[in-house]
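Given below, in the form of C-alpha cells, are the structures.
Paired with subunit B in one complex and with subunit C in the other, subunit A is shared by the two complexes that follow.
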Partner chain A sequence: MALRELSSLEKFLGLKKPNKYSTQGDRKVPVLQSNSGPGLVGLVTIATQLTQEAKRPDLLGKSAEERAVVQQWLEYRVARLECCVKEDIKTILKDLNTYLEDKVYLAGNHITIADPLMYYGLHPVIMDLAVMDKEKYLNVTRWFDHMQHYPGVRHHLPPVVVLRNRVYTSGHH
Partner chain B sequence: MRVSIPSLCGLSDFRGFSQVAVSNHTGRLVLVMTKEELKGASEEEQQAQSKKGLKKAQKEAEKAAKKAEKQAKLAAEQQSTDEDDFAKDRYGVSPMVQSQEKLDRVLVRVQQLTPERADQLIWVRARVHTSRAKGKQCFLVLRQQQFNVQALVAVGDRASKQMVKFAANINKESIVDVEAMVRKVDQKIESCSQQDVELHIERIFVISQAEPRLPLQLEDAVRPEGEGDEEGRATVNQDTRLDNRVIDLRTTTSQAIFRLQSGVCQLFRDTLTDKGFVEIQTPKIISAASEGGANVFTVSYFKTSAYLAQSPQLYKQMCICADFDKVFCVGPVFRAEDSNTHRHLTEFVGLDIEMAFNYHYHEVIDSITDTMVQIFKGLRDKFQTEIQTVNKQYPSEPFKFLEPTLRLEYTEGVAMLRAAGVEMGDEEDLSTPNEKLLGRLVKEKYDTDFYVLDKYPLAVRPFYTMPDPTDKVDLEKIKAYIDSFRYGAPPHAGGGIGLERVTMLYLGLHNVRQTSMFPRDPKRLTP
Partner chain C sequence: MQIMKLFVSEGNPHCLKVLAVLELTGVKCDVQHVNHEEKVVPFLSRPTLPALHLRGGLYLFSTNAICQYFYEVSGTESNKQSNQWLEWEATELQPALTRALHLAVMQGKTTDPAKALEAPLSFLEQSLTKRTTAFLTAETVGVADIVLWGALYPAFLENGLKMGELQSTKTWFDRVGVLPACEASSRIVFKGKGVEALKGYLQKQPVPHGSQAHRDSHTSSSG
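Here is the complex of A and B:
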C-alpha cells in the first residue's frame, strides 16, 4: 500500500521517471532502490528524497519553522497512524480537528508534502467514518475534502463523499 | 387424680416433683412442683448465683430508674405542650378513610387556585411535595399531578407551635387535607405552577402517610440530565425509575407524557371513526405465527400450546374478507425478540389499520397518512402544555410534518444514501443505521420528521405483501390463511405502528421505556 502511495506521490511531484521500490520487514517498510549503494528505507525518508529530486523544496517548508512542522507531521503519520488501534482513532481525529480549526493546510499557508501523506494515511479512516462523525470532526472533513480535490493528490484512492449541508444538528445523540 | 405411671419414658429423675397428675384439659401427664419445693431447690446453686444475681438486679434497677426518669420527663413535656396547644384539633393524622361519613365538603383543585379565589377559605387535598420549617413558620409545597402551590403554617392565633412542628415533620408524598385561606402574593413564586397565590393553612390533616424513606426523590427524577451533571446534583437512572414506577409516574414529566399518549390513542380512534372505520378486537391467543416463527411467545393451551399474537395482521385481513371494509384495532402486540435496544419492547400497544381499496393501494396510503397528520395536528393544538412540560426535562425541537405527507420511493431513498457515501445494493434491506441516516437526510432536505417510503423490494418484506405487478417476482406461498381468500376477497391494504414509539418520536425522547407505563423487555417482567 505504501508503494502505491509513493507512486502517487511521484505523480504529484511531477517526477517523470518512476523509481523502483521494494519492501522490507513485517511492516512492509518501503525501500527506495538506488543504483549506488544501499536503498533508502522509510516512508518519510523516501518522500523527502523524492521532493528533493523533483526540485520542489518549497514542499518541505519555506522557513525553518515550517520545515519543522512538516517533519513533525510526517513523523506523526508514521508513528501514530500506521500503528493505531480503534480507540486511538478518536483521539487522533479529535486532536487533528482542534489543530485544523484555523488552518487550511497542515503547515504554513501552502501545500506541503505533509498534506498528501497525511491524506493517504487518513483515507481508510475517513472512508469508514459515519456521516455523524464526519460532522463531528468538521475541520478534518473540510481539510480532507480539500485534499482529495487538490490537483494531483488523489490518484489511486476512491473519493470519499462529503455532504455539503449539516444533517445532524448539534446536541443530537 | 393419682395415676401410677411406671412407663413415663425419658424421665430418670423425679426429684423435686411432688406429684404426677393428669391435666383435665389436655389429658396429658403433668409434673407438678409446689412453690415451696421451687424455693428450697438446691440452695447451693442459689448462693452461687446470688452474687451475679445481685449485680444483675442492680443494673436492671438502674435501667428502670433511668427509663422512669425519661418517661417522667416526656410526660412533663407532653403535659406542658398539651397545655399550650390550643390548636390541638386543627391538625393531626386522620383515621383511614373507610367511608365512615359523607362530608359535605368541596375540595378545590390546585389548578384552580388563582388570584380570583383570593381571600376564600377552601379545602384542598394534595400531596406534600416538600416541607421545611423556618423558625415560627413552616413552608410546604402541595402538589396535585402537574400543579403545585406554596402553603404556609405560621405560629399565630390560628396555629400553635406544635402544629407548625407537626407540619414540618409530615413525610414527603403523604396525602393531606388542608383548609386554608387563599392569599395573593406580591412576588411571583417561580418554583410553583400556581405563581400568584399562596395558601395560609388553618387546618391540616394527614389522610395517608408515606414512609419516611422514599426509594427516589421526585425532585431528582425531574432534573434534566445536563443540569444534574453541571450542578453535581443527583438524577435518577432509568432502572431505578422503572423499579419504582409508581413514584416515578408522579413526576410532572411522566404525567405529561402519558396524558399525551392517551391523546394519541384518542385522536387515532376519533379520526378513523370519522372516516367510517370500525374498531375491532382481534384474538391474541393464536394457533400460528404471523410474522415469522422466530419471535413468538408460546403459551400452554390445555393439552397443546398456542402463541401470543405478534400482530393482528391475519385477523385484520380476514375482517376485510368478512366485508367490514375499513377496520382498525388498538391492542397489545407480543414480540419475543431478544433485542435490548432503546426502541424495542417485548409487549407494546399496536395501532393497526386495514382497508379495502378500489383500484390502487395509494388510496390506503393516503388515508393512513392523513390519519397520522390529523393526530400530529391534534397533539400540536391540544397538548401544548404537556409538550412544554416534557421539553423542560428533555429538550427537543418541535415535531415537523408536511401536508400532504412526503412520499419517497425506495429507489430514491437508496439514491440519497448513496449520495451520502453509503454503499448498498438495490434489493438490500435498510439497516437500522442507514434507516436513521435516511431520516436525517430527508429532514435536512425536506424539513419533515414524517415521510413515507414506498415500494420496498419484495425480498425484504413478510410473506403477506402483495408484489408489484410490474416486477417479475414470484409470489411467495401464503398458505396460512388462504382459505379466507377463497370466497371472494376485496383488494385491501393496511399498516400498523407502535403507540409507544409514536409518542417517543413525537416528543423527541430517546428511549421507548419512557413512554411505556410498565414496560416489558427481555430483562424486565415487573412491575
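Here is the complex of A and C:
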C-alpha cells in the first residue's frame, strides 16, 4: 500500500528516476533504500525527502507556519488515520469535515504533499462510505473529489463516484 | 501583530516536550494554563492539548509539529534524521507508551508496562549504541532529543521502568534531562508528584487499544 503510494507521489512530484523501496516490521513501514548508509524510514519522512529532491519546497509549505501545518497533517495521516479502529473513523471524518469547511486544501489555499497523502490514506474509507455519509461529510467529499481530479494525484487508485451536483451546490465556493 | 498562544495543562505528559523546547529556543509565546477539558482547537471534537494558536489564526494540535515549529522559527531547520525520529516517536513509541502508562498508572500493573515498551526501547537502545554523536542527531541537543526525552520521561519516572540493561539509553536520557530547560518543564508539568500527577489527565483519555490484552494473566483488569 505505502509503496504504491510512494510511487504515485514520485510521479506527482515529477521525479524521473524511481527510487528503490522495501518495508519493515508488522506495520510494513516503507524504507527508502540508499546506496550510501542506512535507508530512510517512514512514509512522512520519505515523502518530505522526495519533495525536497524534486525541488518543490512550496509543496512542504511556503512559511514556517504552513510547514508546521503540513507536518501536522502528515503526522495525523500516519499516526491517527493509519492506526485507527472503526469507531475512530467517524471522529476523523467529522473533524476533517469541520476543518475543511473554509479551506480548499489542508494547508489553506494551495496544494501541499499533505493533500495527496491524506487522499491516499482516506481512499479506502471514502470508497466504503454510503451516499448519505458522503453528503454528511460534505467538505471532506468535496476536497476528496477535488484531489482525485487534481492532475497527477490519483494514479494507482480507482475513482470514487461522487454525486457532484449534491456536493457542489450547497454553499461555499 | 497578535502574539502566539500556547495552551498547556498540568499533568499532561505531552506538555513536557513543548515547554522544554519553548524554554530552550527562547521563542516568544504566551503560555496559558487550562484544564484538560478545555476545547482549544475549534475543529477537533476531543479536547487536545497542548495546542498552539499561530499568529495567522491557524492552530497546531500536534505536539511534535509544535516542537519542530519552535525550532524552525528560532533558526534550526529540520533535517531527515530528526524527521525520521519524530515520525518514529508518533507512530511506534507513542502507541506503546500510551498503553504502558495506562497499565501502570490506571491499573497499577507492574510487569505489563515494561512488556508494552520492550520493542521500541530495544530499537532505541540499539540506535543510541551505534550513534557517534553526543545527542541523537548532532553534538548539540536537537528537537528529536527533546521529543523522545519528553515522551519517555513519565515512563522512567520513579520505579516505573528499570533502565538497568539500557546503558546507552540511560546515558543519553540523563544527558538531556539535566538541561535546565528540561528540569524546568518537568517541574511545571509534574510538580514533584511523580507519575501520580498524570492521573487526572489519563482519566480523561480513551482507554488505549490493547491495554486489556493480558487478561489471561489473572490479574484484576476490569478495564
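Please note the rule applied: the second predicted complex is superposed on the first by the 164 of 173 C-alpha atoms of A that agree within 3 Å, B and C clash if a C-alpha of one lies under 4 Å from a C-alpha of the other, contacts with A are read in each partner's own complex, and residues count from 1 in each chain.
One rule holds in what follows: a contact is a pair of C-beta atoms (placed from the backbone, for glycine too) under 8 Å apart; a residue touches a chain by one contact, two chains touch by 3 or more.
Keep in mind that what you see is a predicted model, and the values were worked out from it rather than measured.
Of the two partner chains placed by the overlay, only subunit C lies in contact with A:A79; subunit B stays clear of it. By the touch criterion stated above, A:V41 is placed in contact with subunit C alone, subunit B being left untouched. By the touch criterion stated above, A:D128 is placed in contact with neither subunit B nor subunit C.
In the superposition on chain A, contact is made by A:V161 with subunit B only, not with subunit C. When subunit A is checked against subunit B and against subunit C, the one touching more of its residues turns out to be C. Residue overlap on subunit A between the subunit B contacts of one complex and the subunit C contacts of the other is empty.
Touching subunit B in their complex are the following residues of subunit A: 130-131, 160-163, 165-169, 173.
The touching residues of subunit C, counted against subunit A in their complex, run 42-46, 54-56, 58, 60-62, 64-66, 68-69, 72-73, 80, 83-84, 86-88, 90-91, 94-95, 209.
Across the interface of their complex, subunit C is touched by residues 27, 29, 40-45, 48-49, 64-65, 67-69, 71-72, 75-76, 78-79, 82-83, 85, 91, 94-95, 98-99, 101, 108 of subunit A. Against subunit A, the residues of subunit B that register as touching in their complex are 397, 419-421, 433, 437, 440-441, 443-444, 510.
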